[in-house]
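Chain IDs A, B, C and D follow the sequence of writing; residue 1 opens each chain.
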Amino acid sequence: MSSTLGRLFRVTTFGESHGPAVGAVIDGCPPGLSLDEAVIQAQLDRRRPGQGDLTTARSESDQVEILSGVQSGLTLGTPIALLVRNEDRRPADYAALAGAPRPSHADFTVRAKYGVQPASGGGRASARETVGRVAAGAVAAHWLGVAHGVGIVAWVEQVAGLGPARVDAATVTRADVDAHPTRCPDAALAPGLEQAIRAARADGDSVGGVIAGVCRDLPAGWGEPVFDKLEAMLARAFLSLPATKGFEIGSGFAGTARRGSQNNDVFVARGSGLGTATNNSGGVQGGISNGEPVTFRVAFKPPASLARPQRTAGYDGAQIELSVGGRHDPCVLPRAVPIVEAMAALVLADLALIQASRGPLGGR
Amino acid sequence: MSSTLGRLFRVTTFGESHGPAVGAVIDGCPPGLSLDEAVIQAQLDRRRPGQGDLTTARSESDQVEILSGVQSGLTLGTPIALLVRNEDRRPADYAALAGAPRPSHADFTVRAKYGVQPASGGGRASARETVGRVAAGAVAAHWLGVAHGVGIVAWVEQVAGLGPARVDAATVTRADVDAHPTRCPDAALAPGLEQAIRAARADGDSVGGVIAGVCRDLPAGWGEPVFDKLEAMLARAFLSLPATKGFEIGSGFAGTARRGSQNNDVFVARGSGLGTATNNSGGVQGGISNGEPVTFRVAFKPPASLARPQRTAGYDGAQIELSVGGRHDPCVLPRAVPIVEAMAALVLADLALIQASRGPLGGR
Amino acid sequence: MSSTLGRLFRVTTFGESHGPAVGAVIDGCPPGLSLDEAVIQAQLDRRRPGQGDLTTARSESDQVEILSGVQSGLTLGTPIALLVRNEDRRPADYAALAGAPRPSHADFTVRAKYGVQPASGGGRASARETVGRVAAGAVAAHWLGVAHGVGIVAWVEQVAGLGPARVDAATVTRADVDAHPTRCPDAALAPGLEQAIRAARADGDSVGGVIAGVCRDLPAGWGEPVFDKLEAMLARAFLSLPATKGFEIGSGFAGTARRGSQNNDVFVARGSGLGTATNNSGGVQGGISNGEPVTFRVAFKPPASLARPQRTAGYDGAQIELSVGGRHDPCVLPRAVPIVEAMAALVLADLALIQASRGPLGGR
Amino acid sequence: MSSTLGRLFRVTTFGESHGPAVGAVIDGCPPGLSLDEAVIQAQLDRRRPGQGDLTTARSESDQVEILSGVQSGLTLGTPIALLVRNEDRRPADYAALAGAPRPSHADFTVRAKYGVQPASGGGRASARETVGRVAAGAVAAHWLGVAHGVGIVAWVEQVAGLGPARVDAATVTRADVDAHPTRCPDAALAPGLEQAIRAARADGDSVGGVIAGVCRDLPAGWGEPVFDKLEAMLARAFLSLPATKGFEIGSGFAGTARRGSQNNDVFVARGSGLGTATNNSGGVQGGISNGEPVTFRVAFKPPASLARPQRTAGYDGAQIELSVGGRHDPCVLPRAVPIVEAMAALVLADLALIQASRGPLGGR
């Protein structure tokens, strides 16, 4: 509890890092959508470990199998179960955790919560849980593109305090993002980010950063007042990811220093309707999309798992020095890009279906 | 949709700014809790307009009536309905909105979403909707205090880029916060914040800022992996508030510039268990409370409603200058403090009950 | 918990029998629907006590007030709060309950569940809770009629083992049902039912019976496999009513004695599509409406509250004879007719919106 | 939508009859419960086809694999994913369905709802979907037994109008039920039921019947007023099963003919508390368990799939005679017994956890 997200487009994820498998069940994907494993695999490949020497050495091919909900290449409207077998399981790496919790990891809190301790320490807090999210999010994003022309792109904006990247949110593509192994599409900045990651790795340390993203070509009207505002659902989705500590939409924290007359987005004619001259709102007003791009930023702390020994206390209270095996990323941001995109897609697909329930012009 | 929040401790709010009433229904409040209107009224009084010349001149006494769920001063475990009549309704002030949407307000998106337009323009996007949240949140906070000893305090940390306030999150009280009309408990900073608000008002303009808060004395174990992590639920709750644009927990965005070895919170013996030497995690690890204070920050943009005329486009696309009546705050932060506290309480009460369902040591 | 029903068309009810008020909040009613109190009052008047000497003497005018969600006679798409004040509160009538639970009433279980005892004994198990259901159901039924042409009619089919009434489900109207105070539209049977009710009253006793109903002119396609099948949602809705003990759809229990070749409904051409020659399915196949009338029956036990003394045990275990005041119906069926209609309407409105979320032909 | 059931003990099922696999994900199973495949397999073996010549010849071993949530034989409190591969897939058997819907089957409604047609006609309406329910229900029942001492037994009470079986609900065991291939534990009646099933099969026809069941040793206090009453949740769960048309709790429809003075259950001292002298309530009062056995009955129609040709109309409206392959049961009741038990277990486990959230004596 709770591994289910969404009201009409619902995803349930499952699986431990060192158990047999991870995956997801999507309930509520509209019928008649073309779908095969390749659509999903593309995003899993962007998330999987072992993409290069910036990421963990854990070796997982992360091949997805569709177990249900698709027939002859079309979705049936029934639950779509997605399965990814774990290949490189090494629970023994974590034997040291039995006596002491790793700093800033979920070992301590999972034990306090459940009274049992998974072999991997933090259980579902593992980044491996996000495999199911990415698989399901790829389906959501595919539907959003086919049914509504919505596109979602995220990228690495800052690492270790370096940046922000200069990126044109109106035009940046996933190919632009993937052009550099850091997934920072600012060619001038990316090498510096890579260097910061390598330096941290060399020190057995880790670095954090910021991922920015945009959802483009949403119609006006998505998002549900009061508690399910679009930005609220995004914030919840992103803050449910491992290692995230902050969220901004539109002008975010920076906008708090401005006056209303500076920050307000003036309406202007656009096509047959209205648009806004600026986008400090980040594409939402009153929790509802206004047709402008939805722009957001997500803060990732430096990973808690370090190669070098760390001080901690045993469950008996004694201070010790802890060295843990396992294979971890010095920086999660490059691999987190498709994860962030997945969460945005899951949120939007759900809100799109809810708004569709009203039919044209409010269901009348 | 959706005006309901929570799984076991559930609140549903209702009411438009210029309709007959606003209020809330709480379903799932534990039975046997002492409760009367005074507990609720105290927080409503902190939220209500007309507290002084820093806030809107709208005149509302905001007296709450308990309609159900309480008998002889004790909760029954049944729904608690809370009613606040609107007294100072002036829908005519908004007549100008029929032809043109106010910048950065919900007029445009509500119309796009529902196909009908409330008299007040943005309908449930109004800050008046938060009356129900504050009333329900006061009940939640009361239960958290009585049943678990949990305390929640929020305060104004920044206004118009001034600050941050220096506040000891371990000890600050609501009385400290209320000592100054800005609800900034840093006596050295508060006068400057007040001056910034007065200056904006004098210009017919508005200013934004940051509210910080802390939840103290939570046990370890609250918060539900995967999608209902404590910080995810907080982020959603705060971003569902009008005018919010950002959220941080613990080290937030600032922590993204640090290395893991700097940012990790080392475990140390505390009492009969463990605590952490630092609290960059903000009281959560893996989405579960660890027993340290839960610390957070919420970004509020400057209010979109300005006293002075603003440019906008009519629904016909023509550029116009719009002057709207209504009575608005130049800065929402002082009144938003109890609202932020309410949202934190609603989140924690729900997660507390979910964890309680497991019984001692995981329900066995 | 849990006083909320529905996913998209959601109703939350509140209120105790002897507290200040009862009511409901509807969240998710589509915008732009014409609505005023009269639409709701009509069904409340059919439910209210004191309609004649067949019902309880409790005196309640049950006037509804719309607190929100409606403006200028149109729904806004926002929560519709509905309030009915209790007028004839006599909690003192129940003083005898402090020491002993009434047989087959909720006094004992409510106390076991909550640890506190409402003045009226069973709290939310009271039939008075259904005021909120009827008010909300009237809105749902109104929307179903306006938006989809769906009509719902229920009637008394059996009382005290007498019947079943002969009724043409294809044509019976609410006016037909209301023609006799028993709400049995079979003119030949109704006087006998009335006599049975009067006989029970004369004995200080009570009688049960069966309500039948039909939902007409549904399109094919409503109802959600697997767990939210149309008949499953109806069954849950009806069995959530006080005093209900059974539910049937279509051929029900009687059909279990038939062979498949007798019970199957053969498809035939109807208009431009297909219909079925018989309707043993009761309008659903695989949990989804097939366009035929949805026909159902609901069993109501004789009310547990009797005018005459009853044996029971005190909480101390001693056998006693209990005489309780209060004002109760010797037979709930006539007043339960609008309640049953309300529950059917709430279920259908929710399923209609969920199906609408798929758009024409499956959302593509 | 919607393949998820439950609020705290939640199950999501997936899978088509002729796709790669079926299964379930349980979210919210308490941690620390001993669990392995054998616990689940025992109930799957009672449900699986090919148990004898009374059931379908479809050949499926239905071996379950636990994919997550269990480690070293104990549940972790995380999602438990359960996988059963389909072995005997023959979608080609259903080719005839492309042009015409089978009578009383879901072919027509699924097509109307989704706009696409699964190879097997009714998709998730297939009895094969219940594999996931049985697997998940076995886990729920196991937990109920270990944590609360609750036992659930269902049996075949009537077939083809024969019966009811005479069974002592206080003592009947699953072994008693399994003693005869009909799963009717009344040794005098069972041979007649078997004969009726064989006769139907010989005619290429099918027969329906009634399954009765009991849940024993529940504590008082489970079940949630208003909409989530214990009997409401059971009714919904059972009516969500393929082929079910009716539900009764306690005195059911028969009790509607009695007077209150006959039907009421008088309280008597029992142990240190109270029990009732009779159990017409079926173990619930006001929707809450009272500590007596929960007794219920479920009506199953004769299966719609017949070996012999049936009349129907093509989608073009022309009357045709339809012969469908596939391999079907002439009577589903013997195999439905573990399915009914599973649904009861899923409902009770969820309500048990919700009540546990209140802690001892109402959460105070």
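Structure notes:
Please note the rule applied: a residue touches a chain if its C-beta (ideal position, glycine included) is under 8 Å from a C-beta of that chain, and two chains touch if they have at least 3 such contacts.
These figures come from a predicted structure and were not determined experimentally.
Shared contact partners of chain A and chain D, listed by label: B, C. Using the mean of the Cα atoms as each chain's centre, the chain most removed from chain C is A. In terms of their C-alpha centroids, the spacing between chain B and chain D amounts to 45 Å.
Computed centre separation for the pair chain C/chain D is 26 angstrom, with centres defined by C-alpha atoms.
Each of the following residues of chain B touches two or more other chains: 1-4, 7-8, 13, 31-32, 77-78, 113-116, 123-124, 225, 354, 358, 361-362, 364.
Touching chain B in their complex are the following residues of chain D: 7-8, 30-33, 77-78, 147, 225, 353-354, 356-359, 361-364.
Every residue of chain D that touches chain A in the complex is listed here, in rising order: 1-4, 8, 10, 12-16, 19-23, 25, 27-28, 31-32, 65-71, 74-81, 83, 113-116, 118-119, 123-124. Residues 1-5, 7, 13, 100-101, 103-106, 108-110, 112-116, 122-125, 129, 158, 160-161, 200, 203, 205-210, 219-221, 223-229, 231-240, 242, 244-253, 255-269, 273-274, 276, 280-282, 284-291, 299-306, 308, 310-313, 315, 317-319, 354-355, 358, 361-362, 364 of chain D touch chain C in their complex.
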